[in-house]
Each structure stands twice: as structure tokens, then as C-alpha cells.
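Look at the two complexes coming up: chain A is in both, with chain B in one and chain C in the other.
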Partner chain A sequence: MKQAIGKLLWWFEERLELRTSLWTVMRHPIPRDLRTQVGWLYVFGSTAMTLFVLQIVTGIGLGMVYVPSAGEAYESLEHINYNVELGWMLRAIHNWSANGMVVLVVVHMTQVFLMGAYKYPRELTWMVGVVLLLLTVGMAFTGQVLRWDADSYWGLGVGVAMVGRIPWIGPELVELMLGGPSVGSATLSRFFALHVFVIPGLLFSALAVHLYLVVRKGISEPPQPDEPVDPATYEEKYEAKLKTGDPFFPDVFLRDAAFIGLTLLVVVGVSAILGPDGPGIPPDPTLMHVEPVPDWYFLPAFAVLALSPPSLETAIILIAPVIGVGIMLLLPVFSGTGQRSWRRRPVAVLVVIACFLCYGVLWELGVQEPWSPHMTAWSGEPVPPHMLKGLSPKELQGAAVLQQKTCRNCHALDGLGGQRGPDLTDVATRLTRDQLIRQVIQGGGNMPAYGKELNRFEVEALVSFLETCKPKGYAAAESSVVTDRAD
Partner chain B sequence: MNTHTGDPPPAEATTTRRGFMEYFSWLLLAAGSVAAAIPILGFFLGPVLKPRQDEWVDFGPLADFPENSTRLVDVLNPLREKNDGMTGKLAAYVRRIEGESFQIFSTHCTHLGCPVSWFQESGLYMCPCHGGVYYEDGGHASGPPPRGLYEFEHRINDGRLVVKLGHLPTLQDPGSADVSGETS
Partner chain C sequence: MIEQLFTSRPRRRQKPLCGVWYRLHGWLCVLPLLCCAGCFDSLPGKPTEAERYRRPNTIMDFATLYKTHCSGCHGANGDWGPAPPLNDPMFLAICSDEELKKILTYGRPGTPMPAIAKQHGGALTDAQIDSLIAGIRKTWGKEVTPSDPPIPKYLPPEAAGNVEAGKDLFASHCAGCHGNAGRGGDMAGALNDSGFLGTVSDQLLRRIIITGRPDLGMPNYRDAGSKPLTSEEIADLVALLASWRTADEGLTNETDAARTSE
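Here is the complex of A and B:
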């Protein structure tokens, strides 16, 4: 029996010749320096790739039950969540593994950048890696569309509004993107095609090139300070290192195996505990009370769009991404040699810190959304009772006007309410009566004018109330210029 | 080409025939590719090559719209496709100023297309995404939007309000009524 199996295997081997092809690739030598703890920094790429494979497997499963039709997608997602055996789990794994893939791709990239692994002779590996990052982000966005809830619907609207700003051809590109004049069945179908066929195909191809280059050019050795890369001597030194190297499989791969296993456990665990993401509110264009928010990785972009000056906005939307991607792609062209160790590259370290700091701060702002009115604050957040104690009827009426006229959507009292405008709890210490009246009637400083919406009695009452908005014992604001007042 | 083996064939006779075959092969390949590419490209560019124009939609009798008020009206998108489901619906804000004087607004914020909510109490439209605010007449009140709300063309037929809409308005391709919205 054993002999028969051996014979059969040999029959295949004679034809496939894997021992001299695949096996030598699996056994390609890795510099010994990876034996130390630094070797743990080399596991992120392979783990990101594993999650990609997991995406394909779960994606195929979802593709068997998901209906990519605008009229049925939402219900088919609910069907997967509630009726299909383990459908919820598959959706959860697909979602959390996608999140993990985005994170790992960025971590992998950061590690490669900090360790100077993108320098000679691995410049092209980095460039293809940048392409892989873009494709991963593309998968994330198109996947978010397939969730086909209100967030996807209005997320498409945001995408369309951005594309629509491209000079001259904007409107045509919008129609191409949507597959018609508005978001509908053609839109979902083409994003399905992108998410399931086009981008994964490109990702596969780019990944093949990436892997080919990794094997061909060898894994970069951990950088030593003061051992700069010199194209004239690098290959020779590296070849010498490989003579004493460890085979990738199984020796070096053990670390990857451990980290991949751990990551899979985390993904499955998180999926089992947190479950799938959505679908949220149905994608009904007549439901106005939705507050679209992008998936977490796009929150910094969401914040940038709220905070950038209007005059620069179109430029920021259209040109900044091109510059950013251009810098990443061309990085090894203008810094492809020299020091690799981060200990000798303070600017590189600063760049990484600055990028993550910006991303983190913008992300936090994206979560807080201080620029968005709180749509239900006017009816949902009452005036704190302590601010009403001992007020005159006119002042109480003013508090009612403040609520009724939706001021609270943008103005907080005691920290409750919108953050768009200043908190009004202490407003009387900042603005005089005249300034309050002017601000209410004329608006300005990003506040709408209420002159048309409030009659003089309402303004009078509102300002009377606002004049009481100061902490006990504090003086009211005084005008620095004394003018002749009729009253 | 044939430099390694035997005598080279008589140059002129074969090169002309081979030359022709080479030329013809390339030509055939090019023709075939172009023939395949034209319909494929045409298919992909379909939405642009054959754009669909907005159409008139009945919004109901004038009596449905009290003077000096703004209402959200749900209709079916005239350009919807068979499988659009609920995305084939469309909403627009109808403001009746007085008599037969109307303004019809898109629900899409002009900043980045999010859905604006109408607040009768303060006479404002507010956008939940980046805090754009518009006045009752659609004019820009505050926040990042670069212009006022998009408006749709409308007319009154036999005491009924009809509105021309369908496509998703964007900055360079606003609603059917071409107004800048800078009315306030």
C-alpha cells in the first residue's frame, strides 16, 4: 500500500518537478539575523495575506446567498443574518477579517518603512505594496457599498459628490460610477462586480508580483545602524548572509504560523462576540432622519471634509490623494539607498509619528463629530432645571424659544446638545445684551440669521433668558465701547 | 533568424511572402481586437453615451401644500429601473411661498450629498454629516456647503404640481432648475 502511494506520488513528481521548483522556493534561505526577537516584526505581511484568503473563502460563501439587486440586497442580508445556518458568523468573519486586513496592511507597511526594507533592491516590492494598499482600501469601500443600508446609500452619495467635483468630466464620471442617473440597481451591480471580480483579480495579480519579488530579492535583513545600503556592494553582502541562512519553511515560517493562528483566533473570537456589521437603516432615499457615517477607517477623511476651508476643499478632495499616493509610490526613488535603521533616520520616525498622530486626532474628531448638529437635541435635551430656577416669566419664555427654535441642535447647555456652536451655559459672561441681539438676528460666525424666523417678542424673551446664563456671582459681559443707547 | 542552420533561403522571394503574412497576421489581430473592443467599450460607456434626461413627475394637487409651508414629498423616481426596490424612491422638499409660487429642493446637501433635514420650528435645513445649514428659501446659512440647495424645475398643470427630476444632483450637474441658490 505504502509503496503504491509512493509510486503514485512519484508519478506526479516526475511530471510536476516540484522538488526543484516549489520546494526550493519554500526552502529559500532567510538571513539568520531574524532568529532574534526582531523576527517577530516580519509576520504582518503573511498574516495580511492569510486574511485576504479568508476574505475569499467567506466571500465565496456570502456570494452564494447574497442577492446583488438593489431591491433585494437588504433583505438578503437579513436573510443571511437570521435564516441561513451560520450566515451571521460568515458575515461577521468577513467583516472583522476585512478590518483586520486593513490594519495589518498598514502595520506591515509601517514596519517596512521604519526598517528601510523598501530600499535597494526592493523598491519595486514597495511600489507594488502601495498598489496592494490602494486595492485593499478599494475592497473596503466597495464592500461597504454591498452592505446596502442607509450608510452605503448616502456613502455613495458622498463619493458621487466628490467625483462630481472633478473639472469638466465630473458629471459623466458620476453617471459611469452609478451606472445611471441615480443610485439604483445598476449601481449595486457594478459595485458587486468591482468587489467580487475586478478588484480581487487585480489584488491577486499584484500579490503574485509582490510575492515573486519577495522571494526573488529575498527578505530584507534587520537593519544595523551604520550599515547603509550601497547598490554596488549590497547584493554581495546579502548573498554572503544567505549562505548561513535558515530555510523559510518550516523554520522561519513557525513565527508566521503562530501569529497567523493567533490572528485567526482573534478574528473568529471577535466575530462570535460582536457579530456581523449591519445592515443598518434601509437604503430608502425618503428617510431623512439618517446620519450617515463611514466605516471607521474613513473617519479621518470624514473629519477632513468637515474641517477644511471651503476655498481649498475641492483641491483637498481631488489633489491631496494624488499627491499622497504619488509620494508613497515614489518614496524608494528618492530615498532608495543609504541608512536603513530607524535609529539613523529621525525624519522617517517623525513622519510615522506625525501620520499616526494626524490620523488618530482626525479619527477622534470623526467619532465626536462636533461640527454636526444634534438633530434631536431641541426636543430631546431639556434645559437643565437649575438654569430655570427663579427666572421671570419672560425669561422662562425665552428658554422655551431656545428649545422650540432648535437652537439646542447646535448649542449645548451644561454640555448637553450640539457642539457646532459655543455652549451657552455662560454666554452672558461673554456677550452683552446688544451683542446677543445682533448675533441672534444677523447670525454670522457660522451661525444662521434668525431675523426672519423670530418676531421681536421672541427675540426679546430669548435674549432675556440668555442674559441669565452665567455662573452665580459672575459679572455680565460689558461693552468696551460706550454708545448712546435709546433705552 | 535562420542564420544558424543550413543555407539561408533566397532572401527576396521569402521575405516578401513572409512579410505579407506577418503584416496580414498583425492586421487580422488588430481588426479582431477592435471589433471586440467597440461593443465592450460601448457597453461600459453606456450610461454616458446614452444619458437619460429628467422627467416630469406629479406631486399632487395644490391643496396638499398649504401656503407658507415646506413639506417633504415622496415620489417614485421617473428614471428608476425594474430592480431598484426602495432605492427607486425619491424625496424632495416642496416649499409653497404663496399662490402658485413654489420652490422644490433636492434633499441632497450641496457639500457632499448627505440628506438634509427640515426644521419647521427654526425655518432651517440642517445636514447631519458636516453641519451644513440652509435657510427656508434654500440659501446657504452656515457650514461647508459651497452653494444653496439644488432646485428642481416645476410647473402647475390643472391645479396639480409637477416637478422635473430624476438624476442625483452634483455641483456641476445640479437639479433641473438652474439656480445658484445664493438667494440669502
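Here is the complex of A and C:
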């Protein structure tokens, strides 16, 4: 039996000659230095690729049920969630492995950048990697559009408005993207084609080039501070290292396999616990209570666009991405040789820290959305009971006026409510009675005037409540100018 | 080479494992999978019907409706809000469903209570308002033990209250906390204040005198004085408070100046 199987395989081998092609690739030597713990930093790329394969597999499953039509997409997603056996799990895995892929691509890129692996002779590998990052982001955005709920509908609107600002060809591009002047029935089929055929096709091609370069140019050895890259001598030194290297399969592959296995377990576990993402509120522009938010990876962009002054918007939308991508693409051209170790590249380390800090801060702002009023806070967020203790009847009425006039939509009490305006929990320590009255009636500093919305009784009640808004033991604000009222 | 791998590669001999584990190791791998397959439906990530999006006008669940539309003023649990408590059995005993529906539909003009019916600028449909009323009764309505004299009626008697009689009643029942002539005392703040009286209706005053504010420690009609207040006496008290409102005292001149200068 064994001999028969062996013969059969040999028949294929004679024709495919995998021994000299695939097997050689599988056995390509990896520098010995990876044997130490540092080798665990080299697993992110292959794991991201595995998640991409998982995306393809789950995506095919979803593609069998999903209907890419504006009228039916939402229902088909609900159908997958509620009626298709384990359909929710398929959606969950597709979603969470997409999230994992974005994370791992960024982690992989950071590792390559910090370890200087993009330097000679692997510049092109890095450049193709940047293209892969952009394609991954493209997959994420088009995938968000296919989820076809209110978030995706309005997110698409933002994306289209950005494209529309491109000089000369903007309007034509928008029409091409949407299949018409506005989001309509043709839009979703276009994004379906992009998400399922065009971008994955490009991703596969770029991935093939990336992998070819990785194998052809070899895995970069962990950098040593005293071994800067010199194109004249690098190849020779690297060849010498490879002579004592370990074959990729099975020695190095096992470490990749272990991390891939762990990642898959995490993806499946998170999917089982947290489930699929949406679909949320239907993509119906007549639903007024929608507060659309993009997927987490786009939150920093959301924050930047919301916070930037109108005069800078076009520059931020059109020029900043070109500069950013340009810098990333051309990075190996500017610093393709020399020191690789992060211990001798403080600027590189600082750049990474600054990038992650900016991303983190903007992300947090995107989560908080302080620029956006919380439209249901006035009727849904109770006044904290401790702020009501010991109040006079008038002050209590003032708190009710504060709620009914929707002040809470922009002003929080005890952190609950909108953040568009300042938290009022301790407003009495900042503003005097006169200032409070003026602020309520005349507005100012981004706040509209409420003079015409309130009668004088309401102003009196409201201000008397606001005067009680200070922590116990704190003095009320005092006017800096004392006027003699007798004058 | 592959042929060699299959035919001539020396195999490591399996070490004999302990009997039970050796025989069962295949099953030990399969069992967790079978367990998982059995409990896929009970995994926490599986979307439930409750998570499915429903249009706001189809939500009938009391807890959600209350949390979204009422808790801002009436408190998270129906009390401890700036507006009078809804979890007050005495209030629910005297206020009929029709009256509640009227308040919810039209609001209380002149007070912070807005109309919440769609046709009057609010957000809720008629059916939702009915569901809200039913929920309030079911959650907080309790059988109130009959008292002698019975609890005064929610709506005022037809005859107008007597301000002079109200003054005496105020002195005996209210001044202890709210101070002489309602100017505020140690226990409770002023009532003779246009900021308060200008933002409450007479009906609300009557309700608060009957039910008190149990959450804030204000006694009801029975416990405020030496003997319970009658329906007419409450009307007298309301008439007194209303007369203070017309006098328009207590409003500071800055507010007036600022408003008239516009």
C-alpha cells in the first residue's frame, strides 16, 4: 500500500518537479540568529497572510448568501445573522480576522521599520509592503461599506465627499464610485466588485511579489548595533550567515505555525464571545437618531476631519495622505543603508512612538466624539441624585429646565451627557451668577443664545441650579471686578 | 525525494503510553470539538432577537421607553430626579390613566414637562404612550391602603381656593420647613419665589402637596400638619401660592434688564 502511494506521488513529482522548486523554497535557509527569542518578532507577516486566507475562505461563504443590492443587502445580513446555520459565526470570524489582519499588518510593518529590515537589499519588499498596507485599508473600507448599515452609509458619504475634492477629476471619480451622482442601487454592486474581485486580486498579486522578494532576498538577520548595512559587503556577509542557517521548513516554520495557531484561536474565541459586528441601524437617511461612527481603524481620521478647521480640510484630505504614503514608499531610498539597530536609531524610535501616540489620542477623541451633541442625553441621562440633595424647590425646577431645554445634549453632569460644551458639575466655581445669566441668555464661545428659548422664570430657576453646581467645600466663583451697585 | 520520505524514512518508534490515555487520546481531541458543536447556539456572541435593530416607533418595552424618554427628569428608578417621582404609589392611585395620558400627550404647559406625543412635537406614538403608562403602573403602582379621610382627589374641586384660608393653612402646615410666607427655612427652600412658581403649574403644586416628595423627605398631605389636609384646603394652599406667583417677587433685576434690553 505504502509503495503504491509512493509510486503515485512519484508520478506527480516527475511531472511537477516540486523537489527543485517548492521544496527548495520551503527549505531556504534562515540565519541562525533567529533561533533565539528574537525569532518571535518574525511571525507577524506570515500570520497576517494566514488571516488574509481566512478572509478569503469566510468571504466566499458570505458571498454565497450576501445580496449586493442596496434594497436587499441589509436583510441578507440579518438573514445570515439569524437564519443561516452558524452564519453569525462566519460573519464574526470574517470581521474579527479582518480586524486582526489590520493590526498584524501594522505590527509587522512597525517591526520591519524598527529592525531596519527595509534597508538594502530589501527596499522593494518594503515598498510592496506599503502597497499591501494600502490595499488592506482599502479592503477594510470597502468591507465596511458592504455592511450596509447607517455607519457604512454615512461613512461612504464621507469617503465620497473626500474623493469629490480631488481637483479636475473629483466629480467624475465620484460618479464612477457611486454609479451615479449619489448613493444608489449601483453603488453597492460597485463596492462589492471592489471588495471581492478588484482589491483581493491586487492584494494577491502584490503578495506574490512580496513573498517572492522575501524568499529571494532572504529573511533579514536581527540587527547588530556594530554591523551597519554597506551594499558593498552586505551580500557577502549575509551569504556567510546563510551557510550555517536553519531551513525554513520545519525548524523556523514551527514558530510561525505556533503563533498562527494561537492567533486563529484568539480570532475564533473573540468571534464566539463578541459575535459579528452589526448590521446596526438600517441605511435610511430618514432615520434622524443615527449617530454614525466609522470602524475603529478609521476613528483617528474621523477625529481629524471633525476637528480640523474648514480652511485646512482640503489640505488634510488631499495633501497629507499623499505626503504620508510618499514618505513611507520612499523611506528606503532616503535611508537604505547604514545602521539597522533601533538602539542606534533614536529618530526612528521617536517616529514610531509619535505615530502611535497621535493615533491613540485621535482614536480616543474619535471614540468620545466631543464635537458631536448626544441627542438623547436630555431625556435619557438622569441628573446625578447627589447633585439634587438639599436643593430648594426653585433649584430643583432649574435642574428640570436644564434637562428639558436639552442643555445635557452638549453639557455633561458628572461626565454623563454631551461633551460639546464644558461639564457643568462644577460650573459655579468658574462662573459667577452674572456670568451664568449672560452665558445662558447670550450664548457665546460656540454656545447658541438661549435668550429666546427661555422665559425669565426659567432663566432664574436654571441659573439658581447652576449656582449650586460645585463640589462640597469649594467657594463659588467671584467676580474679578467689584462694582458699586449703588452708583 | 518524496518517495524516499514515504518509503525509507526511519520512523521513530512510538513510546508505549499509559493504557487508558493511549486508547482514548483520539477521543480526547474529538470530544471538545463535539462539545463546541453542541453549544454553538449558546455561545455569547450569537446575535439575539433583542439585539436586532428595531425602528424607534416600534419599541414597546417599558424599560427602554422609560430610560430613553423619562429618566432624564424623573430619575433612573422613577425617583430622585428634579421632576416629581413616578414610582410613588399614592400619585398612581389618584391619577387616572386618562389623566396620565393627557399629561404625556400634551405635556404640562408652563412647566418643564414636554409633550411627548408625536402629534404634539414629541417622539412617541399613541401605542407607545399606552405602553409607557401600563409599564409605570405595573412597575410602581401598588395597592394603597384606604385612609380616613380618603386621599384628596388629583383634580382640584370646582370652587376656587381661598387665599386667606390658605395663609393660615400655610402657617400651620408648611411654614415649619418653608419659612414664614414661604420665604425659605432651614429645612426647605423658598416657595415664594418666581423662579419656582413661574415654572410650575397649579396642578403640579396640588399633586406635590398631596403626595409630598417621599424621595426628598417632603411629607404628604397626611403628615405635614397635625391633621390631614382636605381637598378644599389643598385648593386654598394652591390659591395662596398662585397669588404669590402673580405678585412676581423674587426675580432679580439683572435678569429682567437683560431680557428687556434684547
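FYI, the second predicted complex is superposed on the first by the 387 of 487 C-alpha atoms of A that agree within 3 Å, B and C clash if a C-alpha of one lies under 4 Å from a C-alpha of the other, contacts with A are read in each partner's own complex, and residues count from 1 in each chain.
In this section, a residue touches a chain if its C-beta (ideal position, glycine included) is under 8 Å from a C-beta of that chain, and two chains touch if they have at least 3 such contacts.
All values derive from a computational prediction rather than experimental measurement.
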Contacts of A:P247 with chain B and chain C, given as first, second, both or neither: neither
Touching partner for A:P422 - first (chain B), second (chain C), both, neither: neither
First (chain B), second (chain C), both or neither touched by A:G138: neither
First (chain B), second (chain C), both or neither touched by A:P228: neither
Which superposed partner A:W378 touches (first chain B, second chain C, both, neither): both
Partner chain in contact with A:K394 - chain B first, chain C second, else both or neither: second
Touched partner set for A:Q404, first chain B, second chain C, both or neither: both
Which of chain B and chain C A:V459 touches, first, second, both or neither: second
Partner chain in contact with A:H289 - chain B first, chain C second, else both or neither: both
Overlap of chain C and chain B interfaces on chain A (superposed complexes): 282, 287, 289, 378, 404-405, 452
Chain B-facing residues of chain A, complex: 69-72, 74, 153-154, 157-158, 160-165, 170-172, 174-176, 178-187, 282-292, 302, 305-306, 308, 310, 313, 371-373, 375, 378, 404-407, 409-410, 420, 443, 446-450, 452-453
Residue ranges of chain C touching chain A (in the complex, touch as defined): 1-3, 6-7, 40, 43-47, 49, 52-53, 55-56, 67-73, 75-76, 80-83, 111-114, 184, 188-191, 193-200, 216, 250-252, 254-256, 258-259, 262
Footprint of chain C on chain A - complex, ascending: 2-3, 5-7, 9-10, 13, 18-19, 23, 78, 81-82, 86, 88-89, 92, 149, 271-276, 279-282, 287, 289, 376-383, 385, 388, 391-405, 408, 434, 437-438, 441-442, 451-452, 455-461, 463-465
For the chain B and chain A complex, residues of the former touching the latter: 44-45, 47-48, 51-52, 54, 72, 74, 77, 79-91, 107-108, 111-119, 121-124, 126-131, 133, 135-136, 141-144, 146, 166-168, 170-173
